[in-house]
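Once you scroll down, you'll see the structures, which are given as structure tokens.
Next, two complexes with chain A in common: one pairs it with chain B, the other with chain C.
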Partner chain A sequence: MQKDKLLGRDGKLAMMTDGKLNGLLADSNLVRLALIMVGAFTLMAVLNPQLYLTVRNFQSMAFQFPEIGLMSIAVMIAMLMGGINLSVLGIANLSTIIAAYVMIATEPHIGGWGATFLGIATALAIGVVCGALNGALIAWVGIPAILATLGTMEIFTGIAVYITGGSAVFGLPAQFAYIGSGRIGPVPMPLIVFAGIVALCIIVLQRKKFGLEVYLMGTNQKAATFTGILTERVIIKAHIMSGVLAAMGGIIMSSRAVSAKADYGSSYTIMAILVAVLGGTNPFGGFGKVMGVVMSIMTIQFLASGFNILRVDAYFRTFIWGALLVAMLLINYYGNKISEKKQIKATRAASSDASA
Partner chain B sequence: MKTALTKAVRSNEFYVALAVVILCLIIGMRNPAFFTIHTAFNLTRAAVVPGIMVFAVMLGIIAGGIDVSFPAIAVSSMFLTSRFFESIEFTGPVILPILMSIAIGTALGLFNGVIIAFFKLPAFIVTLGTAHLFHGVFVWLIGARPVHRLPPPMEDMSRAELIRITGEVHVSSVPVTVLFLLGIIAVVYFILNYTMLGRGIYAIGGDRVSAERAGFSVKGITIFVYAFIGFASGLAGILHTIHSRLSIPTDLIGSELLIIAAAVLGGTHIGGGRGTVLGSILGLALITIARNNLVMMGVPSTAQTLVVGVIIVIGTGISAYQAMKKANKLPRILEKTADAGGGTVAKG
Partner chain C sequence: MAFITLTGISKSFAGVRALQNVDMVINKGEIRCLAGENGGGKSTLIKVISGFYTPDEGQIEINGKLYKKLTPQQAIKEGIQIIYQDFSVFPNLTVAENIALNHERLLGKWLVNWKSIRENAQRALDMIGVQMDLDALVGSLSVADKQLVAICRALLQDAKLLVMDEPTTALTRKEVDALFAVTRDLQAKGISILFVSHKLEEVFEIAEELTILRNGAKVIEGPMKEFDRAKFIYHMTGRTIEPTQFESPVTSGEPLMKVENIGITDLFDDISFELYAGEVMAITGLLGSGRSELARALFGLDKLTSGRIFIEGKQITLGNVKDAIESGIAYVPEDRLTEGLFLPHSIDNNVISATIDGVLNKQRMLSAKKTKTLSSSWIEELKIVTPSGNMPAQTLSGGNQQRVVLAKWLSSHPKILILNGPTVGVDIGSKTDIHSYTRELAKKGMGVIIISDDIPEVLENCNRVLLMKKGQIIEKMSCEGLTEEALSRKLTDVVEEVAR
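Moving on, here comes the complex of A and B:
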């Protein structure tokens, strides 16, 4: 039966073996991540079981990680195309600051819920605009992603600082706070929002044509162009998606603080890149799974909460994040080498099988 | 003669120089105090530490890698050094702390270089990791307590002046430390233009595989480049401490992107293979003036980040757009010939 499968129609042969092996390769990455995640959780649970294994701790973790999680997925999308998005935090803060002004202005007229919905819509719209600007600078002007988004990071943060004068915007509707600090039963709202968006991202990136185009562009942009993919349009669309995710992260962040400020989450840019790479996203493009990023952000949160309970020095934490990133790069390096060898062996076996 | 002139006008340096002149003129028109020797001296002082880092980072970018760990290396080496010399109540020659900081920086840079060269990993991501690793581990091990009183030799050096002019209003001076900046510029210029190593740096940034086939030791050159970045960062760090007469473990962190922007504004191609010392000097001037003198121009301090961002986008946008247009020309020519060929076949 196995042989029948391999001896299928000529053109299908390579594709089938390839598809299967790619699946295996990706899976081994995810398995590795799952093991690390469980390891991190177990370590922290063993070190401090009374405080760590409590409903309260789980809830507080579920409140904390979705905002960086969303920004990490935003970074990951840019990385899938071989680029990067350094402006995620700028987008998050700028969009929520403008949304905050909209909400404060409209709350007396349309009520708290109305203002909240309008605010969210505003934030997402700003995310679209910011993402489109990033995409246009990269695709149409031809600025490398790292520089374009470095510049726009300064621009978005700059606008945010300029319009707020650097201080926080308070007085948001109480209903808006529900997104960041509400609960349905025992489940925190941010987690529900996060799960919904993750599901959407998986569908868009891993089940739709658009997602395939993004991955293909990251693997080989020239080949993608010759396949007939409108690369410029894909870049802009993907950056719009990245911008919307960043704005969504910003909404949760400012909702938890019930205020908006230009410099909230100052370490998030670096953290988001760290989480994306830890999650197996290849910075050269083409590889990376949404689930990988989800597991990676949970690993980081398990560790961070554990460190909080253990009152670990902030610099030690910085050290651990750095060491983790470098270690993960090396693990992936060796992991990929082994999978590559397997792949070559399997392809050879398949071709000898086919010729026989 | 004419070709030399048109070549100069078309070069990237020309546009950056133009931008610097225009910026100076605008600031000068708004505030005549800008065109004084005092401002020039202050800008020189402000450019020393970022300048040393700009030229080191430029070398990395030309070789095809973006290092973001240099502020962490700088701050780790200077903090470790100043804490050590504080604890032994040092009174010897000031060159010792400087050498120690440079040695630590070089060692950390070597670490980066080895990982990047042997595992063929993207420098940006590796150095993002090592930046956290270095900064975290050193400050964690020795504690975050800042050094408020530097050892006397370092204090003395902070007051050492190269040129001093007593004017009616201010006393203006250029610190001795500017010599280190000039030294680094000279070394980088020499390496890039007069050595095989410099050719190799351009070569591996332009095309790694071709460079390898041409016989360049890609690993060796890569390791040298990152060790040199570490070397310069260690120097920049200790000079920063000497300038500010304080050693604070959170200083400099966060300046990495602006430094990279200065190098890139000066025409260093972010993809590697291209970049000149002159261009980076101009990029450094642009960023230093924009950072330090926007207030003189009447730009409110809250709008400064925005203005710097706009300068980065426009500055990099112009050269990127030109490069893209140039790259697009070739396929278009190919298309035309293909069309023509198709036409004759159809006719035949």
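Moving on, here comes the complex of A and C:
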């Protein structure tokens, strides 16, 4: 990827038209998030610099957040269309369980690397199927996303529990574990995988026609139909993308555990929604940036690791996550109000210029 | 004696002055007409009277009591009742419930007394001398009956001023007569009526006093008998209307679009017409005549169940909107807010939304440069008033929003442009601009179809008009020599025949 293609004309990370999607609104959002992220990091670093500012801590954080970061982006995509995807964790676990069986069965015949490769392909394929099912229920049957994915969450998890009997599937190839636990130099593999997928998502959502259609449709599906956007197809495609990202998150998760289980990451569904909203994704649809979600998950990780080091009580942490979510919603609400006022002022000035 | 006195009312919205220093007095037992073109400020004034909008400046005096900030509750208490264009009735409730439920609710009792609801509803119906089944679901009633239900509801809440916003829009001539009889009857009971309309004939028929708004300001008022047609139109539009008729183009050779016996079961049937390049053809008819359904079908939004469509001699199938766009058809929908625009998105994104392929670079990525170039050229061409294309479409005024919708479709370089109610809720300046721009497009060889029941709009801008009723085209006329009265009569008479 050439540098000038990733960078917009003004040198900001390329969001091209969508960088101007909502002009003032979108940009001030990212700045706000960056400040919060830096603030969270600084706070934790100051509170316990000896343990926090260590290579070990950084590596440990980089191993942890990618899996949930990917699931958060999966949720964000659904939110861009004014919906939600509650089944991300279900997809993650179901796809890796089936992948695990495939790997265990094929490793003796095609070796560890071959099995790993086949396993990843299987998991991603399951992600596609699950996402397509979500999309079809929402687009064709017309079930609201929150109900459709609530239902499929139960279906996916149910299948996963049924075929495993509720216990973990062990015996995965050692090569598979490399994705979740390996390192290239000092950089953990999950972080590399995450960075690559984030770049892809930015391109697809923020630079391709498909992405713009998702963003447009998110604010007004009827107008999208009247504009010639094949809305049903876009919904299904977007949910397939969401499903694949969820499966990818599952692959990292199961690779770190070198096993697959129906109830891994049981708090991740709520967490992924929290991260997506904290990242500035508008739950009513139409607005939200991949980079916003990335900064949001990093903020959460900075805080979570800090809490670990400081030994903050687990129940109190739950309270903090909830308070953070509500606070962020309030900040966004008032932030948007201010930018709206600015816009109205500017428009008024322009129209009085025009009439003068 | 004055019931309500408005003094120096001004109200602005983002970038638009909707009302400027408006004075108006409505006396007790008077039928006053508030006239003005779409976008003239009528609706805003009604909402000020109802307490929905607080004016930026000015004051309201009702029954001798001065209100600096009138709330909707106070307005209702003073007996101000508004019957909106859509009547705001609940289709899922019965006639009795619609009429009397709110009255019952306001009594503030713990339990609902269903018996008194029925009694009160019947009492209200008796007041206007109308028979209706109290248990019928309002959703199943005719438009005229829904309106009567709304009137009864208002009466039951002790209305002293009844504001009727464009009450005749969807009524047949016979129903209009019945409504006027009820209106006069209410007047005799001492109730004031504010009749809001832009329909000339009806205003002359019912009103005693007239107030005309233009561009948010009161231009003239006085007893109806001081007005004649020409004066009325002059003050309403600000122009002496010399119907600068759109010149009929020379049409020969192959039609641009040929429609053969198309229909959709239960919506419209057996529609045939030809549209030649350079023509502006009108399709007119009352609400429910099938005109909008036909437009939707021509744009691939609904599938035809019969008939064939040819574009430049080639038969096309319209499975979805994309097919229509690819066949060179563009459609400016009736309701630009819900069907035409992505309000929170930028003007730029709205303009390119139908032609995203055109702003992709070699790598099939969105090009910011191409987007800007395309959008800026349209902002300039259509004189869209905005500080920047980055602004959300919702910051624009109605007229400018409509220009954005137009830009979106013109950038797809259509051969055929279908405009459904292109100037509804658009200020006069924009209206004139949109009309002259449409004519220009036709001159350049586009085929234009305007769907509208705005008679002056049809006569001025089109060379032909197709009249629809009950899902069929019943007459095809040339606009040359056709007068407003003649077309207006045809439009309403048509329904009369069906009613009998």
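Brief remarks on what is shown
Just so we're on the same page, the second predicted complex is superposed on the first by the 331 of 356 C-alpha atoms of A that agree within 3 Å, B and C clash if a C-alpha of one lies under 4 Å from a C-alpha of the other, contacts with A are read in each partner's own complex, and residues count from 1 in each chain.
In this text, a contact is a pair of C-beta atoms (placed from the backbone, for glycine too) under 8 Å apart; a residue touches a chain by one contact, two chains touch by 3 or more.
Not measured: the values here are computed from a predicted model.
Within the superposed three-chain model, A:Val161 lies in touch with chain B and out of touch with chain C [touch as defined at top]. Of the two partner chains placed by the overlay, only chain C lies in contact with A:Phe287; chain B stays clear of it. In the superposed model, A:Ile203 lies in contact with chain C only, and not with chain B.
In the superposition on chain A, contact of A:Ile344 is made with chain C only, not with chain B. When the two complexes are overlaid on their common chain A, residue A:Ala223 makes contact with chain C while staying clear of chain B.
Within the superposed three-chain model, A:Gly111 lies out of touch with both chain B and chain C [touch as defined at top].
In the superposition on chain A, A:Tyr215 contacts chain C only, with no contact to chain B. In the superposition on chain A, no chain A position is in contact with chain B in one complex as well as with chain C in the other. The touching residues of chain B, when paired with chain A in their complex, are 66, 115, 119, 121-122, 124-126, 128-137, 139-140, 144, 249, 257, 260-261, 264, 270-271, 300, 302-310, 312-313, 316-317, 320-321, 323-324.
Only residues 84, 86, 137, 141-144, 146-148, 150-159, 161-162, 165-166, 270, 273-274, 277, 283-284, 313, 315-326, 329-330, 333 of chain A touch chain B when the two sit together in their complex. Against chain A, in their complex, chain C makes its touches with residues 14-16, 299, 301, 320-322, 324-325, 331, 333, 338-346, 348-349, 352-354, 356-357, 359-360, 363-369, 371, 385-392, 395-397, 408. Listing the residues of chain A that touch chain C in their complex gives 5, 8-9, 16-24, 203, 207-209, 211-213, 215-216, 219-220, 222-230, 286-287, 343-344, 346-352, 354.
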